[in-house]
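See below for the structure under consideration.
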Amino acid sequence: MPVPVPDVVRAADAELVVTDLRRSRWFWVDVLGFVPIEEDDEVVYLRGYEEFLHHSLVLRQGARAGLRRLAYRVRTPQDVGRAADFFAAEGLPVQEVPAGATRGIGEAVRVEDPLGFPVEFFHAAERGPRLVQRYELRRGAEPSRIDHFNVMTPDVRAAHDFYARLGFSTSETIEDDENLYAAWMFRKPTVHDIAFTGGAGPRLHHIAFFVPESHHILRICDILGSLGEHPHIERGPGRHGVSNAFYLYLRDPDGHRLELYTSDYYTGDPDHETYRWDVHDPRRRDFWGHDVVSSWYREGSTALGLDGRPKPLVHPAASEETVHVGADGLGVVTEAQLRS
Amino acid sequence: MPVPVPDVVRAADAELVVTDLRRSRWFWVDVLGFVPIEEDDEVVYLRGYEEFLHHSLVLRQGARAGLRRLAYRVRTPQDVGRAADFFAAEGLPVQEVPAGATRGIGEAVRVEDPLGFPVEFFHAAERGPRLVQRYELRRGAEPSRIDHFNVMTPDVRAAHDFYARLGFSTSETIEDDENLYAAWMFRKPTVHDIAFTGGAGPRLHHIAFFVPESHHILRICDILGSLGEHPHIERGPGRHGVSNAFYLYLRDPDGHRLELYTSDYYTGDPDHETYRWDVHDPRRRDFWGHDVVSSWYREGSTALGLDGRPKPLVHPAASEETVHVGADGLGVVTEAQLRS
Amino acid sequence: MPVPVPDVVRAADAELVVTDLRRSRWFWVDVLGFVPIEEDDEVVYLRGYEEFLHHSLVLRQGARAGLRRLAYRVRTPQDVGRAADFFAAEGLPVQEVPAGATRGIGEAVRVEDPLGFPVEFFHAAERGPRLVQRYELRRGAEPSRIDHFNVMTPDVRAAHDFYARLGFSTSETIEDDENLYAAWMFRKPTVHDIAFTGGAGPRLHHIAFFVPESHHILRICDILGSLGEHPHIERGPGRHGVSNAFYLYLRDPDGHRLELYTSDYYTGDPDHETYRWDVHDPRRRDFWGHDVVSSWYREGSTALGLDGRPKPLVHPAASEETVHVGADGLGVVTEAQLRS
Amino acid sequence: MPVPVPDVVRAADAELVVTDLRRSRWFWVDVLGFVPIEEDDEVVYLRGYEEFLHHSLVLRQGARAGLRRLAYRVRTPQDVGRAADFFAAEGLPVQEVPAGATRGIGEAVRVEDPLGFPVEFFHAAERGPRLVQRYELRRGAEPSRIDHFNVMTPDVRAAHDFYARLGFSTSETIEDDENLYAAWMFRKPTVHDIAFTGGAGPRLHHIAFFVPESHHILRICDILGSLGEHPHIERGPGRHGVSNAFYLYLRDPDGHRLELYTSDYYTGDPDHETYRWDVHDPRRRDFWGHDVVSSWYREGSTALGLDGRPKPLVHPAASEETVHVGADGLGVVTEAQLRS
């Protein structure tokens, strides 16, 4: 008899270790406009303006930057146990996490997924104040809500197949006849809750937040330029081919990458079809055909194990280097290849 | 044992009878920018640019304008039968509709809901071409997708309670200590699939379509002004208090009302709380405090019965007239009251 | 020999008397986002983000609200004297104003124009800091710069003819075969530096400030709604027929009206033609055909004479009341007429 | 006695030779949305939606692509003669051009400026239809009006000094203690009518057109991506440091570069100060700090002499190559330098 699958609602929370909390708070709160709902010397809890739970992002002071946790909300309290059972049945590490271990979050389980990422499942959560129409508070990019995680992993096919078993559907892919280079998967009816980018992993590629309209993205670029903090802008703004998102990638003071984006589309019909991009279509990553900067393919945040220690990197199989797909991150790419 | 409830996915299709199809096509296609996916002398099937099914709106030539059908997609083929059973158990009229009765839509059931509206449930449907990134085709308001129906009914409480039994959740309401004046309910995780406006019914208040950004709404106003067709603009643009939508209400050549809007919010968490507006808050209907034009409260499209004949109107209970809530449409309101 | 005409560059500064400076500062600075460049207990000097002079608006504490000064910059120091001579030759009151009478402004002359308004001409002015690319400071509506004055006067034809002699060109009018109901006139190559609205005068109708894009106007409405200060929104947002501006009218705590707008057009070619609107075109005032609220036609700020005392009102000629133009403010209009 | 200087109003018209008129028309009209006001097999006359003259851009079929003419409007008929005299006194070639030589344009003079560009001055011109509020016609990027020319020349200082003598003011520069790398100059009160980019010349760098808002620029990128014509996008969208413009650079089918931009600022006060950028400020060319693609610095359209033959290129002085300014185009730059 198959192990029951937990009913995952959505990507809901993440925790980043930062090395200078004061500086990180400046970046996320003062510049980007996230709302600090609770904080002390060790940790800041952040929310967007259209979120209802206590927080959606935790910045925690530490000696070494890394990804401590990617958290999904599940539909019922029972689904927390189902998540524990599901991962245990896979022979993967599972920890029970008491309520309040993360402020505002109830009983949870923390696991290491087969890709090596620290993943948490929770149902119970405190609510935060309703800020949807507090326009007088909105600043910076006016982030609305956390939307999805994007992670780097050397075997995208394996990652995809595991998350499909966990009940995720696939909205889009980048592939060719032989390889799956990247995949976008969802539980809530948008393009993604989790996406996989081929590359040495486990590393966090980025956490993505929805913003209301494209002009909010232009504005945060202007603000960063005004402050002389434009080096935080890594890539964009632009239009993704995949997902149709109008995007911007920023790097925070520790190099953690975040995406601000708007306008993906509804995927909630039961027979929603996967849209498959050919890896040779120059519009897959940027619909306007712009080159992807190489750091975007090569750099990511260290994933921490359940013990808090950095996970060692696993590189993509050597055979794939010969594919020279470059732009999708699996090969040893040169600048010239990226530009060709 | 309770009758099983069909798993409704979302508001998915509607059919309007129009008296001059040529003129209606001009309005919906040439001006508003809907995509005519299939058509003949009697009927035009329309889609938005981010829809995947065959169509989401049908305009059908007839002698007398009216609402012929509000259709919901259900999750499985079995849910079509469950819908039939659910409504039959209520003692409501149920018709089986063979596949293809509406082009592109499979086997369905058509019922009359307790409010008197012709409602259809279907699962099987043909797909249309993917237009998400066909920006070169976008025109007018660039409608993305059908989002919700809003209907006028004399007893909002009864309507709310019935649809709650059918599995709909309530995102927002307008109420006071005694009355429920309006309610917004959803299946997909947005603010609404169906909304109820108090007033003589059954009448269709409007069908709403999502557009990408606020400037698309400003643009269609400018286009209508340029064409000298500004009388089609009934109300807005403005910001709703309820739902936070940036909205515009238009009347088509037969007076059928449609809403174009952008930016409501995610409601998909299992414990999403209802937000309750006081009927005396002047921002509930327009967050900027503008008066609602009286036609918006008073006029709606005739609902047709399953036999195709107009449903007689039932007026709100006399006792409610004394409440003089005016702005929420239940009383006999004067212009002065609307403005006070 | 004709008296030389001063070379007016543009509408550049205005001074409003307010009865509660603290509250006015809250409205203009904290809410709307104007930059307070200098202030004390009696006066606040304000700027937009794309201005280069010391300030463009002065709020001065007083016992009774009113318009103290509309100021134009002239091209050379000599043009200040030419302005004095021009008005003196008309037999109009002229005062020399020493440098610094208004902080940041050099030697000026203050006159009463034939309409009864207190008008100042200056050349020398201090510069303020360059804020064009200080995006990190921008708040509220992000006002860019003062653009024009709009004044109420009972005889628009006379007003137009006088300002034409002063070297202003006419971009647009509202008229019929017999009457000139409103006129828009310019020196800098945009649609207006001064506009005339028919009605009892001299009263200030509004001062207008340019903002960068339409979403900045939507945003200030949302902020006012959030604060429960939506009653400050009098009219709009909307598109003007005249000038093509995307507009919003607000009333400050003393009822002084301001316009925030974007997108008029270039008028600087030497043979730029006047565009004439028929007073019966419903799109002249609102291109989307919306009614103008009656307060917008009827209310204005008291003009102060050079002696600081309120100027008595002169009403339009009785004969014009019989022209039920209503919407252009000259007749005794009823709500019903405004709506017809 | 100094030779009188013609009173130049603005950059008003340009003429490009294209090698496949049909394909060029497709790009400028069908894709970008310019209005073809008149055309035959040899030539297409184009306008923006907020222009009043007959046209502002001429595309003419020819065997070899090039710039045939940059045209300025002058204030009076007499200024045409003054322009002839001014250039003749400089010993530069001057041709009288009869009315109608370019459709819609009256008597003109055509000269070769000291930089080697074919420049025309005209006053008399036919008007075209008023399209300002013909929103129903707007398509593509909805170009409003021609704004400025940008030309490549090996000696920016000399170019600047000559145009200063011709009455142009300088809004911004890029410089260091020794060199002037680029300069922006204006007659109408915006940031520029003409700009100089250091490099081998005479070549046209680009012709710039104003569009209403930033979303119009995003939209044309999306359209080009949809059509698979994204290689026409050379650089941007982005925010310029210089001029504060939100910009996009496109290359037409012959490689002629055009800029679509919005939001520069008012420069019309008589003492408007030049804003000087340090050549080492990475935000001067892109306020968000993005690299400039090398083609943007290196490529331009051949200037044709008054005899219609290509002007030979003059390269910047060798001494300047040692200044590794790279990004401002005067040195022999490597990709690595551009990226450093």
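Letters A, B, C and D name the chains as they come in the text, with residue numbers starting at 1 for each one.
Everything that follows uses one rule, which is that a contact is a pair of C-beta atoms (placed from the backbone, for glycine too) under 8 Å apart; a residue touches a chain by one contact, two chains touch by 3 or more.
Predicted model only: the values in this text are computed from it and were never measured.
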| item | value |
| --- | --- |
| Farthest chain (mean CA position) relative to subunit C | A |
| Chain pair with the higher count of C-beta pairs in contact (C-D, A-C) | C-D |
| Euclidean distance of C-alpha centroids - subunit A vs subunit D, Å | 43 |
| Centre distance in Å when subunit A and subunit C are each reduced to the mean of their C-alpha atoms | 50 |
| Whole-Å gap between the CA centroids of subunit C and subunit D | 35 |
| Set of subunit D residues in contact with two or more other chains | 133, 213-215, 222, 225, 241, 287 |
| Residue numbers on subunit C that touch subunit D, as the complex places them | 9-10, 50, 52-53, 73, 75-76, 123, 127, 130, 132-133, 144-145, 188-189, 212-214, 241, 244, 263, 265-266, 268-270, 272-273, 275, 287 |
| Of all residues in subunit A, those that touch subunit C in their complex | 133-137, 213, 215, 219, 222-223, 225-227 |
| Of all residues in subunit D, those that touch subunit A in their complex | 214-215, 218, 221-222, 224-225, 228, 230-231, 233, 237, 239, 241, 246, 282-283, 287-290, 335 |
